[in-house]
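The structures considered in this document are given below.
Each of the two complexes below includes chain A, the first together with chain B, the second together with chain C.
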Partner chain A sequence: MAERPEDLNLPNAVITRIIKEALPDGVNISKEARSAISRAASVFVLYATSCANNFAMKGKRKTLNASDVLSAMEEMEFQRFVTPLKEALEAYRREQKGKKEASEQKKKDRDKKTDSEEQDKSRDEDNDEDEERLEEEEQNEEEEVDN
Partner chain B sequence: MAAVAPGSGASREEEGTGGDATTPQPPAPTSAPGARLSRLPLARVKALVKADPDVTLAGQEAIFILARAAELFVETIAKDAYCCAQQGKRKTLQRRDLDNAIEAVDEFAFLEGTLD
Partner chain C sequence: MADVVVGKDKCGEQRLVSLPLSRIRVIMKSSPEVSSINQEALVLTAKATELFVQYLATYSYRHGSGKEKKALTYSDLSNTAEESETFQFLADILPKKILASKYLKMLKEKREEEENNKDESEDDEAES
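Up next, the complex of A and B:
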């Protein structure tokens, strides 16, 4: 019972939404056309994967990376995709970095709290007093200047 | 002093009056293109990539870019097919519009024979 790779379709609802947003308002799409586009998208991914894999093999790598896919786009004569894809990649990397930093920060905070909770408390109180004094002095100076 | 924005309290007359329109409400306000990183589920794209027997591994970034590229592809082919429908003065995209687009546009040559 071999399933053809083209049968691995992408979700219909998402495909429909993408099509509708690409076309002007009021334009409809028949069911047959929609499912054909969905299948075409799957074929596109398969073809792009195969192209990208060639680039990876040329680079003697076993893992497909982003630049392999970008090279595949150019090979397939979809150069116009390259710029928007690069921008999307930048945004994706930033998001991933943000997520990673957020989770690392949470971990650090958790560790700090459990390890040195008491020490930090006393240290903080001393620092606060010093800062208040400095602020008061600055305020006095400003008032004199205004007057 | 609280500033009252003009018109904020006024009721909208367009919505909710139970008017003639039977069209369902739009799902969400359209955001700028690229605001959402990708709509296609990465898991499905990954399944397609793994279907290739020659592929050993694919990085997360590669999967993401493939998903985004597939979206761009769907937009592109839909628009190209629509040009054909427009010539026929129709407002519904048909399968034959797609076939015409595939024949007409060189980049879509790889699709020939795959959609049947």
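Up next, the complex of A and C:
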């Protein structure tokens, strides 16, 4: 896949926000400085990836994983990032677990409803409501599917 | 693919990561020897990049042009790249800037120096 130059840049708006939140109020950031930080961030990603990849290769793995990234940070002398990254990883894992449990629960609920629908064919009103709810849930599920 | 982790939540919780994962992924994949990247590694790299941006900005600001503060300039950043070992890897992409006139003067002085060295060595050869 041929990458266009702009694809290797990170969105200006997000970079600017991160910078502003980090600096004291009222500090002005020149356009040049912003652009420079954005480029630096892209270089950082490349450097971190290359470093993490070395750890993966050492472990005879082809897929970069979380511990490779953490090892890379230490190697690059950004040990100060390790603790917040570990916390972020925990939060991410909890969130993923929560999502999985939620969708499994929804599936159980849906199966239960389908069973009761078949039993109550005479109650038309209720059936309509159930169908609407089912449709909504299906829509929600589509939104949540990430990959 | 989710562009922002924990983005669309209705409870108003803080996002875990603001940088778009899809873009981070493109950059990571542009690295030659990388085959595949697990989702956790992607999230951590994005988060690390945010931490890096914060660190670079605050470090450069603190070590920057003392009095006339309330501004972060390009030279603050290039100074950081040159002076701090941690940020050395940025030296090539954040070069120091000098006036064209100054650069031309430097070039001229360098050429004169090389000329002088050449003359000296020729003299040496002549003597032996």
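Note that the second predicted complex is superposed on the first by the 108 of 147 C-alpha atoms of A that agree within 3 Å, B and C clash if a C-alpha of one lies under 4 Å from a C-alpha of the other, contacts with A are read in each partner's own complex, and residues count from 1 in each chain.
To be clear about the criterion, a residue touches a chain if its C-beta (ideal position, glycine included) is under 8 Å from a C-beta of that chain, and two chains touch if they have at least 3 such contacts.
Quick caveat, the model's predicted, so the values are computed rather than measured.
Peer 1: Chain B versus chain C on the shared chain A, clash or fit?
Peer 2: With chain A aligned, chain B runs into chain C, so clash.
Peer 1: After lining up the shared chain so the two structures overlap, which partner does A:M73 touch, if you call chain B first and chain C second: first, second, both or neither?
Peer 2: A:M73: touches chain B and chain C.
Peer 1: Based on the superposed arrangement, let me know which partner A:L8 touches: chain B (first), chain C (second), both, or neither?
Peer 2: Both partners.
Peer 1: After superposition on the shared chain, which partner residues are touched by A:L23: those of chain B (first), chain C (second), both, or neither?
Peer 2: both
Peer 1: Quick one: is A:A102 in contact with chain B, with chain C, with both, or with neither? Answer first, second, both or neither.
Peer 2: neither
Peer 1: So which positions on chain A get touched by both chain B and chain C?
Peer 2: Chain A residues touching both partners: 8, 10-11, 14-15, 17-19, 21-23, 26-30, 32-33, 36-37, 39-50, 52-53, 62-66, 68-70, 73, 76-78, 81, 84-85, 88-89, 91-93, 95.
Peer 1: Mind pulling up the chain A residues that touch chain C in the complex?
Peer 2: Going through chain A, the ones touching chain C are 1, 3, 7-11, 14-15, 17-19, 21-23, 26-30, 32-33, 36-37, 39-50, 52-53, 57, 62-66, 68-70, 73, 76-78, 80-81, 84-85, 88-89, 91-93, 95, 143, 146-147.
Peer 1: Would you mind writing out the residues of chain C in touch with chain A in their complex?
Peer 2: Residues 1-2, 5-6, 8, 16-20, 23-24, 26-31, 33-41, 43-45, 47-58, 61, 69-74, 76-78, 85-86, 89-90, 93-94 of chain C touch chain A in their complex.
Peer 1: Can you list the chain B residues touching chain A in their complex?
Peer 2: The touching residues are 30, 34, 37-41, 44-45, 47-49, 51-52, 54-62, 64-66, 68-75, 77-79, 81-82, 85, 91-95, 97-98, 102, 106-108, 110-111, 114-115.
Peer 1: For the complex, give me every residue of chain A touching chain B.
Peer 2: 5-6, 8, 10-11, 14-15, 17-19, 21-23, 26-30, 32-33, 36-37, 39-50, 52-53, 62-66, 68-70, 73, 76-78, 81, 84-85, 87-89, 91-93, 95-96
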